[in-house]
Structures are given as C-alpha cells and as structure tokens.
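So, here come the structures, one by one.
One chain, subunit A, links the two complexes that follow: it is found with subunit B in the first and with subunit C in the second.
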Partner chain A sequence: MSARKWLLIAALLTPGLGLILVLIGTVVYIAVAQSFGFYTITGESGFTTQFWSDMIGRKLFSRSINYSIYVGVLSAIFSVALAYPLALWLRKPFAGSMAIGAVLKAPLLIPGLVAAFLFINIISYNGIVNQLIQWLGFSDAPIRMQNDSNAIGVLILQTWKNLPFALLLLTGAVRGISDEVLDAARDLGAGTWARFSKVIAPLTVSGMQASLVIIFIGAVSDFSFQVIAGPTNLQSMSQLMVTFKDRGDWNSAAVVGVSLMMIALIGSALMAIGARLMLRRRLT
Partner chain B sequence: MTMSKLNKVLMISLLVICTLWLVVPFTMAVLWSLVDPSQPWTADKLLPPAMSFYRWIDMWQNSSLKSALFTSYALAPSAAVLCLLLAAPTAFALGRFKFPGREVAKTLCLLPLVVPPFITSIFFSSVLFQLGFTGWRFGAILFAHAVLFLPYAIRILTVSFEQVRQEHIDAARDLGASHWARFRVAYLPALKPGIFAALLIVFIQSIEEFAIAFIVGSPSIVTIPTLLFSALGQDFVRPNAAVLSLILVVPNVILMLVLEWLLKSANPTLSSGKG
Partner chain C sequence: MVAIRIDELTKQFEAFTALAKLSLEVEQEEFVTLLGPSGCGKTTLLKLISGFLDPTEGTIHINGKDVTRTPPEARDTALCFQSYALFPHLTVRENLEFGPRQKRISAHDRKARVDDVAEKLSLHAQMDKLPNQLSGGQQQRVSLGRALVMRPSVILFDEPLSNLDAKLRDQVRIEIRRIQKEYGLTAIYVTHDQNEALAMSDRVVVLNGGRVEQIDTPEALYHAPKTRFVADFIGDANVFSGTVQGEVQPGLWRVETAMGTYDVATSTPPKEKDVDLCWRPESAVLGDAGHTGKVINRAFQGHFTDLMIETKGVSYRVQSRATSAQEGDTVNISIPPEQLILLERTA
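Up next is the complex of A and B:
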C-alpha cells in the first residue's frame, strides 16, 4: 500500500475512530489509574494495589461478577435465538410482514425505564398476572414475583428489549442473501436446518456476532433493570459501582468498573469467536 | 401445508404473542394512569373503581415534564446527525478498503460499548469539564452521546459500505459518471437502509440514555429518563409513573411508524443489486 493511501485511510478514520480513541482512552485511563490509587478525590494519591486486593477478597464482589455474567450471557443467547427465525420469516415481504416487523421492533423504541415500569406493573402484587392466577384458582393469595431471586424478571426484560435490536441487524444480513444461493442449496438437497446452518448462518455471521456482542455488553453492565426488577439480595456490577461511588469510595468504584470493562471485553470476544468457530466446524 | 397457510398460522400465533408482548402491558399502564385518587384500585377488582384524567393534568402542570421533553427531543436528533457525520468516513474506510489492521480498527470502534455507562459518564464528565465544557451542559451531553453511540453507526454503515457492489461502481465509472454521480447510483441505494438504521438507533439510544444525562446534566438539565428514574425511585406513585411512562412512550411510537415508513421506502432489492 502506498503512503498516500495510508494517509487517506488515517484521515478517514480520524473523526470516528480517532475521536473514540482519544476520549474513551482518557476515560479508561483515569478509571484504571484510580483503581490503582491515583487521582484520589480525598486523601493521598499514589500507586497501590490495596484497592484491588481488598475488593477481590470480598464475597459481595464475586457474587456480583457471577450475577452480571449470568444475566449478560443468557440475555444475548435468548435474544439472538429468538430473532433468527423471525428474521428469516420476514426475509421476503408478504401481506402484513411490514406490520409485523413494526410490532416486533416496537420495544426498541420503548425506553428501558418505561419497559421496567410496564413489566413490574404487570407482575406486581396486585397486577394482572396475579389476578389471573387467582381467578383461575391456581392460588388463593397473590404471589410475590417482583425482584425474584433468579432474576427471571431481568432476563425477560432484557430479551424483550434486545430481541428487536438483534432482529434489526439480522434482518439486514438475511436480506443480503440472494435467492440463487438458497435455491441452489435447496436443489442440492439441503433441508431447512442444513440451509440455515450451512448457508444462512455463515453468511450472516457478522450480524450474529454484532448482535451477541452488543446485547451481552449491554446486559452485563445493566443498572436500571436490576435496580427496578432484579433480586434485592444481589447487586449487578454497575449497581455495585454506583454504590461505592455514592459512598465517595471512588477507588473501589474504579476497581469494579475496570473489572466490568474486562469482563465485557473478554466475554464479547469469546462470544464472537465462539460463533465463528461453531460455524467453521459445521462447514468442514 | 402451503406457504400462505403457514404464514396465516404464524401470523395468528404472532398476534397472540404481540398481545401479551405489547397490548397487555400498555393497557395496564393506561388503566393505572386513569385511577382517580378518590378510590384505590385493589387486586379484587378487574377495572379501576373510579377513573379520571386527574393524574394526567396534575403531571402536565406540576412536574418538569415539559422541559424534559424539549431537552430530550432536541438532544436526540442532533446527536443522531452528528454521530452519522462522524461515523461515515470511518465506516467508508472499514467497508471499502482492505488494509492491515482493519479488524483491529473495527474492534477498537467498539470501545465505547465496553466501558460501562456509569463509569463512562463519571469519567467522561471529568474529561469534558477539564476541556472547558462546563458552561454548556447540553453541548457536553450532545458531544458525549455522539461519541458514545459511534459504534452503532460505524458498525451499521460499515456493513452497508461492504454491500455496495464493486461492479456497480466500476460500471458507473466506465460509463463516465462523475464522483457524485457514482456515489448517487452505486453507493446511495445500498447505503440508504444503513443510514436510516444508524440514525434510528442513535436517536433511540440518545432518547433512552440515562447515565450521561444524569451525571453530566444534573442538576440543571432534566431529560425524559432522568425524570422517569426519579419518578420510579424516591417518590414512587404508581399512577404517576404510569402517566409519565405513557407520555414518554407515545411520541416514540409515532416516530417508529414514521421511521418504519422511511425504512420501507428504502427498497431492499436496490441494496442487493437485484432490481
């Protein structure tokens, strides 16, 4: 490649990637520095691993990590697994497909806090689900479903919120596959599953990876769904970080924050690689 | 079973799911927003015993709803356009050029998503304030939103740029098309859905964004999510939260219909080159 082309590429990358690197780089730098004792708001600044060693020994911290990974992984998998069949169904326009697409994408436009309110309103102690259960005679008294200890409520909310996003990305990817390719696969005797796993999935792998990664990262660092609908005896990592920050313990908050960043980075890399490896094995 | 019959069955099952998915939650929210304070709605009654618009009038007159709506709906479109403008050159480079380090560059574009929102907002605000944005909090939030949501716009536009067919560009060039004409006939049809999708996603992300608006904007700037968060938090009154949720959601739904129409007008056959 010529120097001129390199210059062109560098110039093109500057307003987007360049800005990201400069600003996010500074944010990450300050977070990392604070987790090692620098930029302390009150008290002395200076290098120390004290905040890390204190945090790693705390049960609160490890429980929070496990919980956040649980929510992140399951939300990503549920959303993408449900979005694929819908994207394939809506690949070819048919009467009413636009309306269905619009309805399915509706949760994308509903702010997360509103979604959380709608959800707890339904499952609350005197919500419609409890009314139904009592009316059908399954239970005499209302059941407490809000803030359930397995975070099923959070997972339902995450899937409800993220499925349309996966659908948006996958619909675009699936529509990019030409009919000739699918017809050829069919003529060669490929069944529905073979057409999906050997043709559609490999051709849409970047859409699938993007969905998995973006949903995982959003769900693993969830704050509002957890605060409103999540289990009360557990804290998500974002929640834990805010708790420390509110106490004025910025260094501990930075430790949690840096850990969360690492988990998001490593987790999404594993998911993206996993998706590609699974497909490669199928292809050979 | 024929294809049309299968579609009918699928349509009906989907309608049922949609009812559970959208209609029931919103009906419940509407009913709760209409509960008159004179009589409480208890679990043994299917409908509220007394209904009125009391809560609606009260919220409109006595909360910072109006200013929050104005702030959010000025912020989101500005952030979407700014983000698109910043993202386009990078997406063009990532989608049209093969260069060493391209995959690394793509991954680096995801950085704002890896940083959890609350740590981003806290340290972003500190960075922005050091750069002298203290006087104009709206500008600071706008800037933060435009940069934070770049990954979405870059990802989507990169895929769009990748879908532009080289044969179309070459054909246009061979036929003597100028730079602009080549962009219009070869690039634009393939890019259109991506541009709308990117604008749509950044707009939605900006409307919903809570952490930056809360940390950077407080106390002078109130957006829709920060207002709702305080309504769901300390002073939680369910009918009030219902009113607020509905007021926040209805414009979004109208917008969705407009944007869905816009996306529909971007013919997918054009983007795949199969006209």
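Up next is the complex of A and C:
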C-alpha cells in the first residue's frame, strides 16, 4: 500500500479510534500516576511506592480482590451456562419463540440499580418470598436472605442482568451450526452431552469467550449490585475504591483502580484461554 | 435373514405425502439401490430408516428389532449425508475418528480402521486438513469414509458419488462394494443415476412420487419393466399406447398401435385390453420385413448408430451396430416378438 493510502486510512480512523485512545490513555495514565503519588489532590505530589506497599499489606484489599474475582468468575460462568440451553432451545423458530426471546432480553432494558432495589424488596424480611415460605409452612419465622455473606443475591442479580447478553451472542453462534452437522454427530452415536461438548461448544467458542470476558469484566468491577444487595462484611474493589476516594485518599483509590484494571485484563485473558483449552482437550 | 423390514411406511409433511405405504425387505449383506427422480422421497426414506424423521404410519425393523421409535444415536445404522455434513472444526482424521470414539473403540483398532478407509478412498494426503480446505469430491469421500469406518449393520448412502469425476466415481464405486462385502454390511444406496444403480445393485427399488414402481434385479428391471415409468427411467425405451387384438398363437398376442401391428410373445396374458407396448432401441432389426419408416435423424456413436425414425407420424429411436442408412432414407424395422414388452397401463 502506498503512503497516501495509509494516510487516508489513518485520517478516517482518527475521529473514532483517536478519541477512544485519547480518553482511555488519559484515564489509565492519571490512575497509574496517582497510584505512584503524582497528581495528589491535597498535599504534595511526587514519586513514591508507598501507596502500593501499604495497600498490598492490607487484609481489606486482598479480601476485596478475592471477592471481586469470585463474583466476576461465577457470574460469567452462570450466565453462559444458563444461556446455552436457552440459545439451543430458541435455535429453531417455533410458535411463540420470538415472544420468549423478547422477554428474555428484557433485563437489558432495566437499569441494574432498579432491579437491585426490586430484588431486595422481594427477598426482604417482610417481602413476598418470606410471606410465601411462611404461608406454605416451610418455616415459622421469616428467613434472613438480604445481603447474605456468600453474595448469592449479587450472583443472582448479575446472572439475571448478563444472561440476555450471553444469550444474544450465543443464539447467533448456535444458529450458524447446520442441522445436518448435528444429525451427523447423532448418527455417529453422539448423545446430547457429546453433541454439546464435541460439536456445539467448539463451534461456538468465539461467542462463548466473548460472553465470558465481557460479563467477567462487568461483574468483577460491580458496584451497584454490591452496594445494595451484597454482603455487608465484604467490599468489592469498586466499592473499596469509592471508600478511599470518599476519605479523600485519591492515591489509594488509584492503587485499587489500577489493580482492578489489571485483574480485569488478566482475568479475561485467562478465561478466554481456559475455555479454548478445555474444549481442545475434549476433542483429542 | 432379513436385515431391514419396512412395512407400509408413510411420511407426510403437513398435507404433502412424501412417501406412501412403502414396503420393502432387505436381506442381510444385500446391496439395494433407491432410484428415482429428484423429489421422489429417496432422502426421506433414508432419514426414516436412520431415525431423523418419524414416520406418520408404518414400522421399521432392523435385524428383527422394531426401531420405529428408536433415536438415531441408538440405531446401528450409519448415514452418508447428501450434503456431506462434515464437522467443520475437525480435521479429516478427527472427522473419521468421531464415530469410533463415540463407540469407545480402542485406540489401536480405531487407527487401523481409519487408515484402512483413508487408503481405500485415497484420502491419506488430506488427513490433517480441515473440511474447508478440501475440494468437493474430497469432502464427499470423507463423508463416505466417516460412515464406512462405523461398520454398522446397516449403511445408508445418499448419492455419495454425485460430486466425483467419472474416473474417480468408478473407482470409489468399486471400493464401496468391496468394503460392503468385506465387512458384510447391508446397504441402501440412493442415486438418480440409472447406470450406477444397474452397475452396483443386487436389487433396485424404483420410486416415483413417493410410491414404489418396481423392485427387481437390474436385469429384470431392464428386460421386464412393469410400468411405463420404469421402462422410460431405466435405459432408453420406445413406448406406444396399444390395444390388444387377441391371441394369434399360444403365447403370441397381437397388439394394434398407431404405427402398426405387433405380435408380442408373453407368458402372462394381458389383463386389460388397453396396454402400453415397449421395446428397447437396440432390439430393432433393420431389414426387409416389418414397418416402413423414414430416417429423420442419424447420430454416429462409435460402436453403434442412433437413428430417429418416423412411421405414420410416430417417431421412435433405433440403435443399430451396422447400418448405412442416411437421413431421409426409407428403412424397414421389425422387432422380434420376445423383445416386445407389455406394460400395465398406469394413469
């Protein structure tokens, strides 16, 4: 390609890509710089590794990392695991399948915060779930389900919110597999599980990876579900970051922020690679 | 012993009847061909036998067991798909190994089977390629191989040679029969190529519009077709509508047609007065006796000459090995009585 052509391509890309790169670049640069003591809002600025070494020693920090990874990984896995059977079910159009597909995608339109409030109301001490349990006679007293320490509430909300997204990606992928290929697998003796693990999953691995990665990144940095429905004795990384910021400790907040970005990056790479490796092993 | 027994099998798609009350018995190790025009229900029948379609009515038995409601993965059949249906993410070797792996055949056996089939279908140079790196003919052979490695008791082929060139087709055709005999497989083979059907089969089922026209050996189909459809479909035939005049000698019946009178030798007396009369172009004798006709077209074909002849406004084909007749010449045609075939008149 000639230099002129390259110039043209660069010119065409600049408005979009350029803006994205500038914004991301600035954010990352400021966050990294702040975590090393620059751009301090109050007090003096200057290079120091103090904030990092302090943070790494904190129990609060490591617990928050573990907790965020736990929420991120499980949300991604649950959403994808539930989306697959639905995508396969909706692969062929049938009477009502459009309506079902539309209803399943509704969570995409409901703001997460609203959903979290609704959810808390339903499972609260005097909520309808408890009323139902008592009415059915499973328990005499209401059960405390809100802000449970295993973050089951957060996982339910995350899965509910992200499943439609995984469904969207996987439905497209699953529709691309021809009937005859699935029939051939069946004819060669593959039952339901073998058809899934040896044919469907490998042929939709890109969709699966994309869903896992994007859901993981969203869930690992969860703030709103955690604040409303999460355990009270644990903080997600986003929550921790906000806590530091509220105290005016921007540098520590930046340390948490940079760590979160790295975890999102490394974690999603690991999930994508993991998905492919697992499928590769199944085949041979 | 009967390997496949099909009783009164009917398949309807909504209001459309794809197969109507089809009955068929296939012996163990027999090679039966389904022959018929496009859309006559050949693939539908294979899919019913392998279990991908549920019959509207009727039953299917394989090796004495009723499998009408058995799912495909539990039937001891292997289908070679018309559309190949290769696994796009697997190499040729992995495609071939898929079935044996599912059947938990030992690694050693598996390799032996796959290598054997690859050798016979000339696929060894393609083993590590993905299906989208293969030519159409190569994909077709992989699909064929994938069914053959299963060595099932019943193997079903859906036009497995349609994409091969003439030379490869002859070669693979011979391999299919060899493998089928070697492993004692019962085979149902779909084609719409009559030469293939005649050359390969123990018996041929001629289908038309979801119905059986005739089930017979290739020789019987050719020399004694029962209906006009079969006569037309298998080889070339001249067919005329006629009226039976009566028996002129024991076993010799006189039939009146638009182009003249014929005497037909037949052991089975015609049931109806209205019949169709058929003869093969190569049974005509050009000589001094018989009907007079005019040559309207002549085509030299090497070991014979194809003549189009017209008598009383009716044109028909004649093949002759030695004729000097030219276009416009007048010739005399006679057909030996035993070469004339009476067909049941069908609607």
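Everything below uses one rule, namely that the second predicted complex is superposed on the first by the 265 of 284 C-alpha atoms of A that agree within 3 Å, B and C clash if a C-alpha of one lies under 4 Å from a C-alpha of the other, contacts with A are read in each partner's own complex, and residues count from 1 in each chain.
To be clear about the criterion, a residue touches a chain if its C-beta (ideal position, glycine included) is under 8 Å from a C-beta of that chain, and two chains touch if they have at least 3 such contacts.
As the structure is a prediction and not an experimental result, all values here were calculated from the model.
Q: When the two structures are laid over each other on subunit A, do subunit B and subunit C clash or fit?
A: When both complexes are placed onto subunit A, subunit B and subunit C end up side by side without any clash.
Q: For the overlaid structures, how many degrees, to the nearest 10, lie between subunit B and subunit C at the C-alpha centre of subunit A?
A: 80
Q: Touching A:M241, do we find subunit B (first), subunit C (second), both, or neither?
A: first
Q: Counting residues of subunit A touched by each partner, does subunit B or subunit C come out ahead?
A: Of subunit B and subunit C, B contacts more residues of subunit A.
Q: When the two structures are overlaid on chain A, which partner does A:D187 contact: first (subunit B), second (subunit C), both, or neither?
A: A:D187: touches subunit C, not subunit B.
Q: Which partner does A:L270 reach: the first (subunit B), the second (subunit C), both, or neither?
A: It touches nothing on subunit B or subunit C.
Q: Let me test your reading of the model: by the given contact rule, A:G127 touches which partner, first (subunit B), second (subunit C), both or neither?
A: A:G127 sits against subunit B, while subunit C stays out of touch.
Q: In the superposed arrangement, which partner chain does A:P202 touch: subunit B (first), subunit C (second), both, or neither?
A: second
Q: Of the two partner chains, subunit B (first) and subunit C (second), which one does A:I65 touch, if any: first, second, both, or neither?
A: In the superposition, A:I65 touches no partner, neither subunit B nor subunit C.
Q: On the A-aligned overlay, A:S178 touches which partner chain: subunit B = first, subunit C = second, or both, or neither?
A: In the superposed model, A:S178 contacts both subunit B and subunit C.
Q: Could you state the shortest Cα distance, in Å, between subunit B and subunit C after the structures are superposed?
A: Between subunit B and subunit C, the minimum C-alpha distance equals 9 Å.
Q: Both subunit B and subunit C contact which residues of subunit A?
A: Residues common to the subunit A contacts of subunit C and of subunit B are 178, listed in rising order.
Q: Subunit A touches which residues of subunit B in the complex?
A: Against subunit A, subunit B makes touches at 7, 10-11, 14, 18, 21-22, 24-26, 28-29, 32, 41-43, 46, 85-93, 97, 99-100, 105, 108-120, 122-124, 126-127, 147, 150-152, 154-156, 159, 163, 193-194, 197, 201, 204, 207-208, 210-211, 224-225, 228-229, 232, 238, 241-242, 245, 248-249, 252-253, 255-257, 260, 264, 268, 271-272, 274.
Q: Tell me, which parts of subunit A touch subunit B in their complex?
A: Subunit A reaches subunit B through residues 1, 5-6, 8-9, 11-17, 19-21, 23-28, 30-31, 89, 94, 96, 98, 100-114, 116-119, 121-122, 125-128, 130-131, 134, 142, 160, 165, 168-169, 172-173, 175-176, 178-179, 206-207, 210, 213-214, 217-218, 221, 223-224, 228, 237-238, 241-242, 245, 253-254, 257, 260-261, 264-265, 268.
Q: Per the contact definition, I'd like the list of subunit C residues that touch subunit A in the complex.
A: Residues of subunit C touching subunit A: 50, 52, 71-73, 77-79, 81, 83, 85-90, 94, 98-99, 102-103, 146, 150.
Q: Would you mind writing out the residues of subunit A in touch with subunit C in their complex?
A: Against subunit C, the touching part of subunit A is residues 178, 180-181, 183-191, 194, 198-199, 202-203, 283-284.
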